[in-house]
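Next come two complexes built around chain A: one with chain B, the other with chain C.
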Partner chain A sequence: MFDLLPHILNGLTLGLLFALIALGFMLIVGLMEQINLAHGSLFALGAYFAMQLMGPRPPFPADLAQSWLALPLGWRYAATLILAPAAVGLVGIAIEFCMRRTYGKDPLYGLLLTFGAAMVIEEMIRLTWGTRDYVLQVPQAVNGGFIFGDLIWSTYRFYAAGIAAAVIGLVWLLIEKTSFGATVKAGAHDSEIVRALGINLTRLRLLVFVFGTMLAAIAGIIVAPIWGIRPHMGVDAVIPAFLVIVLGGVGSFWGAVVAGLLVGLAVGLSGAYASEWSLLSMYVLLVAVVTFRARGLWGKKSVLEA
Partner chain B sequence: MIPAPQSDSARLITPTMLVLGLVLATVPLWIARVGLYPYLGIEILIWSLYALAFNLVLGTAGLPSFGHGAYFGIGAYAFGLCQFNVVANLWACLAAAFAVAGLAGALVALFISHRRGIYYAFMTIAFGQIFWTVAIKSHKVTGGEDGLLKIARLPADFGFASFDLAGNVAFYYFVLIVFGIAVIALWRLVHSPYGRVIAAIKQSETRAAHLGYNVWLYKASIFVLSAAVSGFAGGLFAMAQLAAFPDVMSLHQSGYVVMMTLVGGGLVSFWGPVIGVFLFLIARDVIGAMTNAWMLYFGLLFIAVVLFRPEGVAGAIMAAWQNRSLNSMRQQGGTALRLLFGGGRWR
Partner chain C sequence: MKQREISRRSVLQGSLMASALAGTASYFGPWKENRVWAQGAAKPIKLGLTCDASGQYGNSGQDDLRGIQMAIDEANAKGGVLGRKITWITADTETTPATGSRLAERFITREDCTILIGAVHSGVANAITQVAAKNGVIYLNTNSSAPSEAGENCSRIKFVWDGNGTNFSKASVANAVNSIGKNWMLLTNDYVWGHTTSAATKAQVEGAGGKIVDNLLVPQNTRDFTAYLLKIQQAKPDVVATAVGGDDIKALREQVAQLKLDGKPAWINNQQDWPDVWGSPDSLFGVFGTTWYHKLALPGVADFVKKWQATNKEGSIPVPGNVSYNGYMATRELLRAIERAGSTNNVKIIKELENLKVSATDRMQHFDAYMDPVTHQMQQTIYLARRNPKPADKTDLYEIISWTEPKAVADTDAQAKCKLVPYEQVPTVDS
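After this line comes the complex of A and B, so read on.
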């Protein structure tokens, strides 16, 4: 049992990251009943923007770049955590403006539209940054490792898991405990009544979508130092995100979080014993659950199963 | 007495098939002159067959299958492995490709046929990823990422005569004949009573179930059929490439077949997938020759199609066609035109 402990801990931190990756995807699926397959590409875009901002050549005019580079690394990192998702949010606005035309139609069209958007963004990443791998610099404070119980642990993993837990908690507070969240949920439930109450549903949907894309970007920045930055990272993220949502069930917040933790545990534990096959474990887990439960763990009825 | 106009859906061979077949038969004569190459013709035919098989599930049955590359790839591996380990006979190997992919499809159908929508879609992705990972990791059987190499284009032995298919032109004609037979079979399948039930299930599973049809069995069987024909196309593809690679099984490539089918208009037309494959592969070669980023332009085109012509190219042609035929019918008031155009040929 004690031998297993590091793997379980590892799996849980990984699981929090999977839940974080799925968070923006879940928001858009749960509140808009739209599948955003560009989620992974926006995740990658967030990481690339952050890398550019943290790197030696930030995308600013020369004098601004000078003073930016003069800032301490920690400050720059904190600013990047806001600036990069904001930039990705702009891309999100563009996608939502296209996506509007598909609302009310078969959800397949939104899925296909964002699949096209994913292709375009990934190709643009290839054109701009090439196919090579990049590394995202992080402040010294969260870098390196520490020794605990005769084992070396990576500080960054725990920092990332902590951020993931915090972001998940904040999003939960926003949806469940604010009037914004209540309106958004009402809009998903009965759009006509919400419109009749004089609420601008078009703007509300735009806000939700952009918020979802910004969450994708934040996940990208947090995960980048662990996975590395390369064009394929978008696909590597969107599949687990989609899987976590389907496993947890569409429309269930805690379902997605628990599913993320389960996927992390499955990948972590199988990685310890059969690393060649560890990526398979999440698919096997999904098949095992969805074969017996029609809507994943705690899914709700939605148009996505028509 | 003028016979009642026969609908194309009742025909064994439709005028569209004849015209398409005749045009395709001349391809090796001119394809090199327009700057393309005979191998592209082979690729288009094989992918067309694959896309038509895929559209049984997506277009006819309305089931979102996003991991279909797995069956195409399994067919390719089955063809190669049969050739190396069982018997180096063309018919046996193609039958193996069909059967093994069908079996894989049956295994998957057992797990997914009682699911719908997003859950169905993601189960197909999950199984696609499982098959893909197994193909990559089983170095001893499949050659891993290097692929299964040295697959031969076996001669087509008819007992009384044997044809060598090693050359691209000979192989093109072989694939064309096989494609023709398969198209006729699929056309009949889609327009059979069985195909009608599948179409009814697409409209409403609940209603079809209340009418007494075993929805599960229909959903499972169309998936198995689609997987088997995809695998058959995969077997041909292994011959074309002289190898079988795992990348056709990846999620990307599975996504391409969805794109081709939809851009062409597979949701509204039998021929949609074929149109889509033509556009996709020719765009790949023509735009690909000009720029490395052809996926960027194809992605933009795809977005435009989803936004402005969600029923695809075939849908646009059908709309234009119907307007024109209506206009000309109004002008000439002819029964002859109704005979020619009225049979819902594009459906």
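After this line comes the complex of A and C, so read on.
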């Protein structure tokens, strides 16, 4: 049993990261009913922007760059956590502008558009930064390892899990406890009534989409020191994100969080005891759940179901 | 006349249908058993370069391509081969066997390529081999180092240019069992190269009196190794031997270095490819194998590095490594073999390559190299290296600690497993 505990703990921290990766994806699917296949590429873009900001050649004029580089690493990292997602948010604005003509039509259009956007972003990343991989510098305080229970643990992993839990909590507060969240949910439920009430639905959708893309970027920055930064890292993110959403139930906030934790536990435990199954385990979990509950763990009941 | 409206949906559906049909068509044919082109002095010899540009070995695949292109450029600068220019085509094999197979088929049947070059992933290499063998097209496996490539998956049309897992294990394991400890743990990438390399390591460990306490399989594209590192700490082995490659080994190395687990247990990484090392030197640890290094104190090395840099100014890697070197050497020797054969007939070229002997000076290695006619694998110097504690410059990452002559590390198991078909069963191909 004591041998198992470290792997359960590892699975839970990993699960929080999966939930964080899925969060922006879930928000856009749940509140806009759009499948954003560019989520993974925006996740990657967040990591690349952060790497550029944290690296020796920040994208600023010479004087500003010098002042920026003179800042302690911790301050630069904290600022990067805001600046990089904001920059990705601008990309999100561009994508949302393109998506407007697809609203209210067959979801296939939005899906194809975001798929195209994902391809464009990934190729732009290759052209700009090349195919090599990069490492994201993090402050010394969250780097290295610590000893717990006779084992060396990664400090960064617990920091990342903590950030993931905090972001999940903040997003929940925003959606459930603010008038903005209520308006957004109402817009998703009945856009005509919301429009009739004088709320600018176009702006609302833009805000939700940009918020979702910024969450993708934050996830990219947080996960980058663990996965490394490379052009196709977005693909590594979008598949688990999609899986977590389906497993948790499309549109369910807590469904996505619990599904993320379950996926993390499945990957963590199988990694230790049946390592060849570690990547496959999440798909086995999905098949097992969907076989008995087609709408996922907390998905809304379909009108087609008896 | 009634004009038919074309909706956007119908265009999209049509495009998707067309794409699906195009894919299906390229999969099913047209097949050609024998290909003979009319000889013409001006007709170029066309090579199909099957190099990964994405996936686990995307970085290495592009470095392989740089070496191959350099050898082609050199030959063309001298007037080509047999007075004919060398042309080439390449596409991303995506580190995926199915893509490799499909591209090989396309290069042979639609692009008229008569020779294929390039591989890093053994699954992709094996898939390309099947297509090339069916068509009699010579295939150079430049960088896939699974022992099976020169063993059970060998082929009359295929030549393997990298050292394999058995060569590297033979160079490193016995000494480590005696000097470090007998309890070994294996970390194995869950595909052909990982399995066959770890099997070779296991045989060497047990042969030297050691014991394998566990073998953890690592699925391809694993990015988070925490579960493995916890398991290793719980098992407390003396040595961890990895057969993990590409982006996976980069992620593993970074995570091991972050936890400072790079000292104890001892690590032996079967082979480290230069593109997997460049960019994260701080995470370089343990002892590892290679076939070449850009700072070997041997004649010709410095000139080769300069020429490579002159043709690859824009690349993300500043100096050639073992992958680019293998791509270059394989292509150069192929083009020389065509010249010696005085013909582009595939069987004549195969016979030339089977008898290939290259001096140490010409190879820029410590010992003479030769092609094993039984397995079609290049027998060459195997180097062991570790992180350089006193680098001369930022590219000087390795300290070469030993070099072993080819005969001492020969893969004798491969010789027993490899069964080449007779020449007469190889479909005739002439460029």
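Methods note: the second predicted complex is superposed on the first by the 300 of 306 C-alpha atoms of A that agree within 3 Å, B and C clash if a C-alpha of one lies under 4 Å from a C-alpha of the other, contacts with A are read in each partner's own complex, and residues count from 1 in each chain.
Just so it is clear, a residue touches a chain if its C-beta (ideal position, glycine included) is under 8 Å from a C-beta of that chain, and two chains touch if they have at least 3 such contacts.
All values reported here derive from a predicted model rather than from experimental measurement.
Asks: Determine, for the superposed arrangement built on chain A, whether chain B and chain C clash or fit.
Replies: clash
Asks: Which holds for A:Ser179: it touches chain B only (first), chain C only (second), both, or neither?
Replies: After superposition on chain A, A:Ser179 lies in contact with neither partner.
Asks: Quick one: classify A:Leu112 as touching chain B (first), chain C (second), both or neither.
Replies: both
Asks: Is A:Gly145 in contact with chain B, with chain C, with both, or with neither (first, second, both, neither)?
Replies: A:Gly145 contacts chain C only, not chain B.
Asks: Just to be sure I read the superposition right, which of the two partners does A:Glu276 touch: chain B = first, chain C = second, or both, or neither?
Replies: Both chain B and chain C are touched by A:Glu276.
Asks: Considering only the touch criterion stated at the top, classify A:Tyr156 as touching first (chain B), second (chain C), both, or neither.
Replies: second
Asks: So in the superposed three-chain picture, is A:Ile35 touching just chain B, just chain C, both, or none of them (first/second/both/neither)?
Replies: A:Ile35: touches chain B, not chain C.
Asks: Looking at A:Gly130 after the superposition, I want to know if it touches chain B, chain C, both of them or none. Which is it: first, second, both, neither?
Replies: second
Asks: One more residue to check, A:His7. First (chain B), second (chain C), both or neither?
Replies: Second partner only.
Asks: Give the one stretch of chain B, out of 2-10, 218-226 or 272-280, that collides with chain C after superposing.
Replies: The listed stretch with clashing C-alpha atoms is 272-280.
Asks: Hey, what residues of chain A end up touching chain B and chain C alike?
Replies: The overlap between the chain B and chain C interfaces on chain A comprises residues 108, 112, 276, 279-280.
Asks: Which stretch or stretches of chain A touch chain C in the complex?
Replies: 3, 6-7, 10, 14, 106, 108, 112, 130-135, 143-145, 151-154, 156-157, 226-228, 230-232, 236, 267-269, 271-272, 275-276, 278-280
Asks: For a test of understanding, state which residues of chain B touch chain A in their complex under the given definition.
Replies: 64, 111, 114-119, 122-123, 125-127, 129-130, 133-134, 137, 251-252, 255, 258-259, 262, 293, 295-296, 298-300, 302-303, 306-307, 310
Asks: Flag every residue of chain C that touches chain A in the complex, lowest number first.
Replies: These residues of chain C touch chain A: 9, 12, 53-55, 58-59, 62, 190, 216-219, 221-224, 226-231, 233-234, 247, 250-251, 254-255, 258-261, 275, 278-280, 316-317.
Asks: Going by the contact rule at the top, pick out the chain A residues touching chain B in the complex.
Replies: Where chain A meets chain B, its residues are 35, 98, 101-102, 105, 107-109, 112-113, 115-120, 122-124, 126-127, 235, 239, 242-243, 246, 250, 276-277, 279-280, 283-284, 286-287, 290-291, 294-296, 299, 302, 304-306.
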